[in-house]
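Take a look at these structures.
Next come two complexes, and both contain chain A; in the first it sits with chain B, in the second with chain C.
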Partner chain A sequence: MSKKVLNVEDDVDITTFVSTVVEENGYIPIVAKDGEEGMRKVREERPDLIILDILMPRESGIKMYHELKMDPSLKDIPVVMLSAVSKRTFLRSQTALTEFGDETVPEPQAYLEKPVEPGDLAEIVKKILG
Partner chain B sequence: MKITKMLFVSEFEKLWFDALQSLMGLRKAGLNHVVFLHVIDRDKVAMRRGTGYLKQEERKLREIADIRFIDWAETLFEEGMEVGAHIAIGNTVPKILSVAEYEGVDLIVTARRRRGKLEELYAGSETSDLLRRAVRPVLIYNYLSQSGKVGENPFERILLALDWSLSSERVLDYALALEGAAKRVEIIHVLSEKEIAGLSKMEAHKLERESKKRLDDVSDMLAREGIDVRPHLYIGNIEQQIEKGASEHRATMIVLGTKRRSIWKEKWSGSVSHALANKAELPVLVIPAEIK
Partner chain C sequence: MSKLLIIDDEEGIRKVLSVSLASDGYDVSVAAGGEEGIEIFKKESPSIILTDIKMPGMDGVEALKQIKKLNPDAEVIMITGHGDMDSAIEALKLDASDFLNKPIKDEALSVALKRAEERITMKKKLEAYTYDLENMVRMATEEVKRRSDFQHKLITSSNDAVIAADEKGDIIIYNRGAERIFGYPRVEIIRKMNIDKLYPPAIVAEFRSGLKRRGDADLSKWKEVAIVAKDGGVVPARFSGSILYGVDEVIGSVGFFQDLREIKRLQEELIKSERLAATGQTVAGLAHYIKNILNGLKGGTYVLNVALGKNDRGKIRSGWTMIERNVGRISDLVLNLLAYSKERKPEPEDCFPNEIVEEVCALMESKARENNIKIERDLDPLIGEVFIDPKAIHRSLLNLVSNAIDACIFDPTPDKHWRVKISTAVEENHLIRFEVTDNGIGMDKETKGRIFSAPFSTKGERGTGLGLLVTEKIIREIEGEINVESEPGKGTTFIICLPYQEALKNVKGLQDFD
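Presenting the complex of A and B:
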């Protein structure tokens, strides 16, 4: 059975781009348009990989990533960040969240800054999912 | 009542990032989530004879807004805030209201909005339109210094204008929700010229005493919550006296309630909150009687 890749992204053009890359490489794309819907889909679909944007309505990728990594049943799902927000900001924000008493969360499997080439995205996905 | 989520509406020319930063004192009141909204005016990308819909222009404007928001968001994310963003095309007021509803924000922050003179004559300003339709508190943000750049926190010394209506109760609830964000609170009640016209001297004194007593009761209630508060009673034209009180006590913001009424009722009987939001030099926070 093909592996499932959840793409959490609010930009329709990028959602289409990621879904096409995922599908062309033999995986099943699932989409969510913000962090809230993303968490719901994670629990319902149990994806094998999450491709996660950061700046989104309702719930950001930063909060969603933190929630994923703090949940023992979800923390092992690999995450690829795909955003125009810099990696430095992402790491600092995760540190800022841990200042409120949470444990430190691990770094994501990969961090891709937009725009990304289809080949680069496909390579990362294949490397993680095999 | 809590102030945890704020919608910050920016057209970039009118509200800059420093305006947002000046509101970060609200973190003391529980603010932890900022949602940006930029509305691209439909006219900027609308169909033109010969060129059709300006798709390229829309892309460019979206890209510009996106780059600005990412820069702003990076700063807030690094401070541990939660950030979201919307870029929409259409009419500003309906978009503000729909995004505020979708995100469930506790406060809308926007610059003063005007229309063309003729349009304002029959439809009023966009600010009035927003205040009439909003079911959430709206802060009409004005820069405190004329040069535009501010470092001042508008919530530092707030002036609460009370008229003892239901919306005044909401104003007090909001003041309590501000917790440590406001360093000093001035409360003002204005006895209007209409109220005292025709009263005997004795009756006027009685009304004055009753109003002072109510102000004192409210002050005591706020003081018990640890708020540094001063009551003031003014007499005269309500709008003018509120502005005068704000100026005399060096307030950084005016806070007052508003009732829901139709555009025509507002046009003929006037609305103090709308008039101040449209004209006052200070930022004006307008709180609806029925908050969603």
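Presenting the complex of A and C:
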């Protein structure tokens, strides 16, 4: 059974691109266009990897990442961020969110800044999914 | 052995007693009468006084009175004789310690003295004990007060709301943090309001079940709640609480609320500033936008190549569509830039404004439908054919409707029925009024102030920041006016007023002009 990769991203060009790379490397691509749909698809499809954008309308990647890591049944799914937002800024936002919480949120498996070469994306996906 | 004073008018008794008692180890003073006795008492402060009752001058009872005034703890032993009963009773009332009957027997004397000594010792012990006790109580009280002060300061200075209630739920502690979050001043809450009324209903239910039975509620984990403040506003907060138990019974409850408004505001600010930094604020922003288009093209060619290699028609289509779309974006961008930078002469002609509106709606229909947004029209039938610049109307309305749709897409409010409405109306002074209204995310005052004056986009990577600038320029060039009304969370309305003229074909005398 091939592994499933969920791409949460509102830009159709990016999802087409990512889906092609995913398929080319033998995995099954799933897409969602915002955080809301993303969380739904995570629960329905149980992907083996999530590729997550940050700047999206209707529940940003920041909120979705936080939600994923706070849910005991979902927090172990590896997440790769793919965004134009810099890694430093993203991590700062996570710290701000968890300032009053009980646990800190772990860093994502990998952080890719757009634009990304198909080869680089494929390498990270293969490294995580094996 | 204590100091002792003998007051007796008979020298014989004075001598016998003083010798006997001195040999017992007492430090003895003698006085022949009451007045002398008082003088010596003041000087020597004996703790035991033996005084005869019947004496000339000041008698024993009067001496007793004076001594007791000077030292209420002095042990005064009255020496009574025959017929002294009344005096004896009076002496008793005045707190004489003991009585010795004349003639004084040794044994009686020593018993009386012993008892007096014991009483003196007891009194001293009691004094010391009381002093110690009072000291300890004072220190304990200070400690309690210190801790209570400390706790009080903790509670008052805490930024978070600290609310404690008794076992009935009536609120007894309500700090400044609570005032800030809930909006009610202390005077309206302390002993006046119950947690039933103040807390959000979900929390009340948990507290009530916990107050009834121990262990029924786990309120200790931080939970996000929405608090309805006094003014009806909703405050996002985090809550944690506890039921307080005495030995066996519930004695009350405590709740802590953290104001999340600041955190949420910071979160939004963070995203906003990243968006601004990443997009259409400057030439760098524009370059970023173009970079995105190039990436789209690169992505498209990658997909296309993969597809050609496998002869996968579906993928070929996908890849080619990506390329087409981005070529379209480039051309839009170039047109916008040109429109922005060049002066444009108005190009009015006979046309139907309502038809232009329909064209724009048709162009935007699929994007709207994809995002569950309904496009409505409210077109004034009195507007027929007029002489006005159709390209200007088309470009402006296209920009406004596209923005309106984006405003709905970017609105995080769940369960809204998104609507974009375009309306036209004839106004006095040969003006046509176009309105584009949405019920999307809306703009705050600050944003409203900037949209027409500088490249500025709230749309992340998709915004060039140029759209409204170009629109405003176009409207200005045909001598129209554009205004905006908006309320954050509720929606926005853009209003364009354009002057028009009668359609040329309807104006007599101009038909043969060209």
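FYI, the second predicted complex is superposed on the first by the 128 of 130 C-alpha atoms of A that agree within 3 Å, B and C clash if a C-alpha of one lies under 4 Å from a C-alpha of the other, contacts with A are read in each partner's own complex, and residues count from 1 in each chain.
The rule is short, and it goes like this: contacts are C-beta pairs under 8 Å (C-beta built on N, C-alpha and C of every residue); 3 or more make two chains touch, one makes a residue touch a chain.
Predicted model only: the values in this text are computed from it and were never measured.
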{"item": "Overlay on chain A: chain C relative to chain B, clash or fit", "value": "clash"}
{"item": "Touched partner set for A:Arg92, first chain B, second chain C, both or neither", "value": "both"}
{"item": "Partner chain(s) touched by A:Pro57 [first = chain B, second = chain C, both, neither]", "value": "both"}
{"item": "Residues of chain A touched, compared between chain B and chain C (which is higher)", "value": "C"}
{"item": "Contacts of A:Ala84 with chain B and chain C, given as first, second, both or neither", "value": "both"}
{"item": "Which superposed partner A:Thr16 touches (first chain B, second chain C, both, neither)", "value": "second"}
{"item": "Superposition clash, chain C against chain B - the stretch among 186-194, 312-320, 330-338 or 384-392 that is involved", "value": "330-338"}
{"item": "Overlapping contact positions on chain A, where the chain C interface meets the chain B interface", "value": "55, 57-60, 62, 84-85, 89, 92-93, 96-97, 99-100"}
{"item": "Residues on chain A engaged by chain C in the complex (per definition of touch)", "value": "11-14, 16-17, 20, 24, 55, 57-60, 62, 84-85, 89, 92-93, 96-97, 99-102, 114-115, 118"}
{"item": "Partner chain A, residues of chain B touching it in the complex", "value": "35, 66, 69-70, 73-74, 77-80, 82-86, 102-103"}
{"item": "Contacting residues of chain A [partner chain B, same complex]", "value": "34, 54-60, 62-63, 84-86, 89-90, 92-93, 96-97, 99-100"}
{"item": "Chain C residues touching chain A - in the complex, by the definition given at the top", "value": "221-222, 238, 258, 260, 263, 266-267, 270-271, 274-275, 278, 288, 291, 295-296, 298-300, 302-303, 306, 315, 318-319, 322, 325-326, 409-412, 460-462"}
